[in-house]
Amino acid sequence: MSQNPVYMGAPSSTGRFGDFGGRFVPEALMPACLELEAAFIDAWSDPVFIDEYRSVLQEFGGRPTPVTYLGRFSKLFGVEVFAKREDLAHTGSHKINNVVGQTLLTRRMGKTRVIAETGAGQHGVATATAAARLGLECTVFMGELDTQRQVLNVFRMELLGSKVVAVTSGSRTLKDAVNEAMREWVSCVQDTHYCLGSVMGPHPFPWMVREFQSIIGQEAEEQLRLRGVGVPDMVVACVGGGSNAAGIFAGFANSSARLVGVEAAGGAAVTNGSPGILHGMKSMLIQSEHGQIEEAHSISAGLDYPGIGPEHAYLAASGRAEYVSIGDEDVLVALQTLSELEGIIPALESAHAVAWIMQEAGLAIPRGSTVLLNLSGRGDKDVAQVRDILRGRE
Amino acid sequence: MSQNPVYMGAPSSTGRFGDFGGRFVPEALMPACLELEAAFIDAWSDPVFIDEYRSVLQEFGGRPTPVTYLGRFSKLFGVEVFAKREDLAHTGSHKINNVVGQTLLTRRMGKTRVIAETGAGQHGVATATAAARLGLECTVFMGELDTQRQVLNVFRMELLGSKVVAVTSGSRTLKDAVNEAMREWVSCVQDTHYCLGSVMGPHPFPWMVREFQSIIGQEAEEQLRLRGVGVPDMVVACVGGGSNAAGIFAGFANSSARLVGVEAAGGAAVTNGSPGILHGMKSMLIQSEHGQIEEAHSISAGLDYPGIGPEHAYLAASGRAEYVSIGDEDVLVALQTLSELEGIIPALESAHAVAWIMQEAGLAIPRGSTVLLNLSGRGDKDVAQVRDILRGRE
Amino acid sequence: MKSLEVTLRELRDSGRKALVPYFMAGVTPDWTQHVAAAVLGGADAIEIGIPFSDPMMDGIVIQRAAERSLEAGTTLDSICAQLSARDLGAPLIAMTYYNLFHHYGLRRAAGLLAQGGVVGAIVPDLTLEESDEWREVCDETDIATIFLVAPSTTEDRFARLAQATQGFCYASARMAVTGRAQGAGDATRVVEAVRATSDVPTYVGIGITSPQQAREATEHSDGVIVGSALVETILKGASPADTEAFIRTFRSVIDE
Amino acid sequence: MKSLEVTLRELRDSGRKALVPYFMAGVTPDWTQHVAAAVLGGADAIEIGIPFSDPMMDGIVIQRAAERSLEAGTTLDSICAQLSARDLGAPLIAMTYYNLFHHYGLRRAAGLLAQGGVVGAIVPDLTLEESDEWREVCDETDIATIFLVAPSTTEDRFARLAQATQGFCYASARMAVTGRAQGAGDATRVVEAVRATSDVPTYVGIGITSPQQAREATEHSDGVIVGSALVETILKGASPADTEAFIRTFRSVIDE
């Protein structure tokens, strides 16, 4: 009798999801990674910790976020779309789920400081937020270019009491911010936790972040069940590092739902990448023929990452999930469409998932299918950029 | 035997709360006001309508919003502060509660279009949002000065499919936007509902908007009760027109809680105003010795209104609620304090309430009191302004 | 019956259609001369706009006039003082918003108006339902309370408003604020609705910008009110002589 | 035992402290001449940095050098080709990140290195736990796999890393990436922890910027690695002769 594999369980003891994942870090960081792994395993089986994590997310983070039936959108496109509203979570995206978990863990490990990388600033703001709440010191690394493009998010972090360091190396964007955070971590592992922002990095990060995000999928599964929709035909989420996708997929990993991750066309690590090692993990990466990591390019800063979390690489390789990509133009149209039809301005990241549904309704998504869309964040952070683009065309 | 008066019930048949309220509109609008009153009374006693209102607020609007215990803030100031988190509601403030109610009512009345006034844009964005969801046409009136100060909110409304009209008369701010919306309403009452943004205007608006907002207080009352806090010693909310304050007061109107409304020092209609008639209502207004309405001045656009809802004027006159005021400087400090201590960047409006608690902890608020703070909205809309002010000082 | 109504009924009975121009008090230093000129040109009564900061029922022209007047320091006192200084030769009807009267105190406001020779008041944001106090105060003087009716007015309200109004009934030709729309609109229907329940003189206003429109409006009514069109010429610098000519033109076309 | 380790053990047994400078391959067209000059100046082995886009373990100086080299078109092939063109007179140790080898294919990468005369490899992001495959491939050649230990290394890991490392053990003096901190830091403790479980030669690196620091570091260790300080002079335009002088100064102070 052949057994179905169980998806999205714990990785191997070395942090592998199939061939992907693992731990590729300087020796100086190994003890911290091991300590973190042990601390997470301990905490995650401690009802007191889990209780606090859940109650902070509820009382502070605004969970559970609702599932909204997109009536007018569904009618227009001939598929039944339900949106999981991470845009309503505190700080405006799913990022809060992860940082609440990691900052509580930081305190539990007796550390007093966190560092984080950020691209557009969402994860940075979320980390600064969770750190402020617990009175942890916080430093956020952000590519210099991004600090210029996102001055308001820099200010937001400062308002929250964090220090923002502009990273001047490499492409001066997210990838370099991760490098710099890792470097900083080497010099302060003793009292500092590196609060990584997605399901990436060395073991146990990809697993831990997925676990902290899986509350999205658990809630959505229950919400659709209670409302009689049951298991949707398809679950669609955008993928940068892959944390919001991993979070919602986790609720349906072993169900009949098709899982679809939507990458930015200019950062499509599964479609255009190859296996490699970066930022402590083995995964799919966009790289040159000589093995140099390339810069991603996307209208949405949060998807501007040349890699993908290792578990997604595994889900792709195993065929459990599909990964597709969407270009900037379609994203802009999707953002406008959802805004006008449903009164929800999605983040540019989330608009990738919307765009794919619009593109494939009636094609890859059979008419009448039920689709669970992860609306990973709100578009308020993006309106200035979208306005500039659209105005520039007039 | 003397009977305690019952607060925050329905107004008199002419829309009076004590001496305040009523209906002062052009005859052309009287039928629409009467129609609206009848429609609201009908709808508000129809379980089907109430059900839809509640479920839209839950599934679309993100209700219930949580109550967050502000641990570090409480410790520092020696009072126990619980924040009702309207900042987590869809579109970032309590405004969504009202517009969901009014747009559903619009549809029920068979009208296909809404108009609204807006100051900084919060109520405009909320109205555009709720209108988009129902496919109602929407036009928002906004003072020309405000359209320039808030270009992104203008764009947000446009993204949501609304038309924004810049009002060039008078002070070109909120007060004039209301005038203009009223004028527009005169010419289109047939198919158009005027979706007023606060507990102001002619009867039944002050009552209806309060009813649509009272979900805040009902939730908070239950939340505090379930968590064992019970009735707080004090309920504190900022007051522009007064809708968020009315909403939260409604849950405690006939309890032992002290009710405190915090106005902007430059728009303190109760403290510095006198009775008068504006925008269809009799209330407290800031006016010159000759009876001309003066412009309000506040760092927060949402409190930049020379009047106050008539029910507040009554609550003040009857002594049931206290009204105080806070200046711009203290508001800035409060915004920064709450951000750093709790990881919540409040709207400048809401920061007035925070500032008053900071000022009066241990004084007007006895040490150890339990205080329910209405965090009416998030500060994201304000960070650019706050940054400019703080940077300008460096 | 207030003297205004007596006058206006006599006017109607004489077969003459009333021409009532609107002036914004204080908009120019010589505004009272414009009023006098209008009377010379053939106006039967005068609406005196008392500027208010938030004129909810007025379009852009009258708003601008009010702003200009307020900037010049106009107050209810100053207007009434100016009016009491001379006899302008026609019944004067104040038009403003309720806050002004409320703020001055109703009795004091009415007293000031009466001293200024004002015999009627139009308060567009004072609904019939809220008007008891004001009407009582007016009844202590000779000030007539004039109500508006609109195309949206319902049957029962037509009856009550037409009963309550004194002097004349102000029939809005259109669903619009002043100076927004043009032409007689629904005037005929509105006027007929008033006439169905009352024989009070009924004048058409809102949207009357040309002599031709005025003439058409008077075909089914007892008179017309000309507001924004006239105020606009004054804002643009018209002299009292221009105003006299303006009114004379309306007069002659109406009387043709 | 790999030839590198044989050489380095002999060096130690001869009483000489090893001086190992680091060069970024391809950073200047004449980079191999710098290497040759360093050997002339008294270097005992050479670390050859192979540029990678994301050098997680390197500070700003080596990052800039890597960027410059990559902009000039440097690849693993081009470096190995240049190295195989001449004998530089000292053992060569490649230093880079694992993705490069993984991307080329481990066997192919090792082959290229071997052809270039490389006898050792430091891959700072390749943990002991993930290194089996690479070590097997290296064992098909003469390339030694060199591991780092750090002040944060735990006791059990010191033992395992000291056992596993080939050629020498790279002792990070500090919790820092290259070029960030200065001085010997925790070097003594780290070196002693290695010595407690292995007699492999142990060199101190990370933070050695002056001849005096190098000398202090060799008092309790078998050699030093000098990286950012040297690379910085080359980024600023040092000639091969300058490099020779730089190394000579270190040599003489160490040997004093």
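All chains are identified by letter, namely A, B, C and D, in their written order; residue positions are counted from 1 within each chain.
The criterion applied here is as follows: contacts are C-beta pairs under 8 Å (C-beta built on N, C-alpha and C of every residue); 3 or more make two chains touch, one makes a residue touch a chain.
Keep in mind that what you see is a predicted model, and the values were worked out from it rather than measured.
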From the mean C-alpha coordinate of chain A to that of chain D, what's the distance rounded to whole Å? 37
Could you grab the centroid distance between chain A and chain C? Build each centroid from C-alpha atoms only and quote it in angstrom. 66
CA centre of chain C versus CA centre of chain D: separation in Å? 96
Multi-partner residues of chain C (each touching 2 or more other chains): none
Two or more other chains are touched by the chain A residues none
Based on which chains touch which, is the overall arrangement a line, ring, star, complete graph, or other? line
Between which chains is there touch? A-B, A-D, B-C
Which of the residues in chain B come into contact with chain C in the complex? 14, 22-32, 168-170, 175-176, 179, 182-183, 186-190, 274-280, 282, 285, 287, 290-294
For a test of understanding, state which residues of chain B touch chain A in their complex under the given definition. 58-60, 62, 65-69, 71-72, 85, 88-90, 92, 128-133, 135, 151-152, 155-156, 159-161, 335-336, 339-345, 380, 383-384, 386-387
Touching residues on chain D, where the partner in the complex is chain A: 52-60, 63-64, 67, 70, 75-77, 97-100, 102-104, 124-130, 147-154, 157, 161, 172, 174-177, 180-181
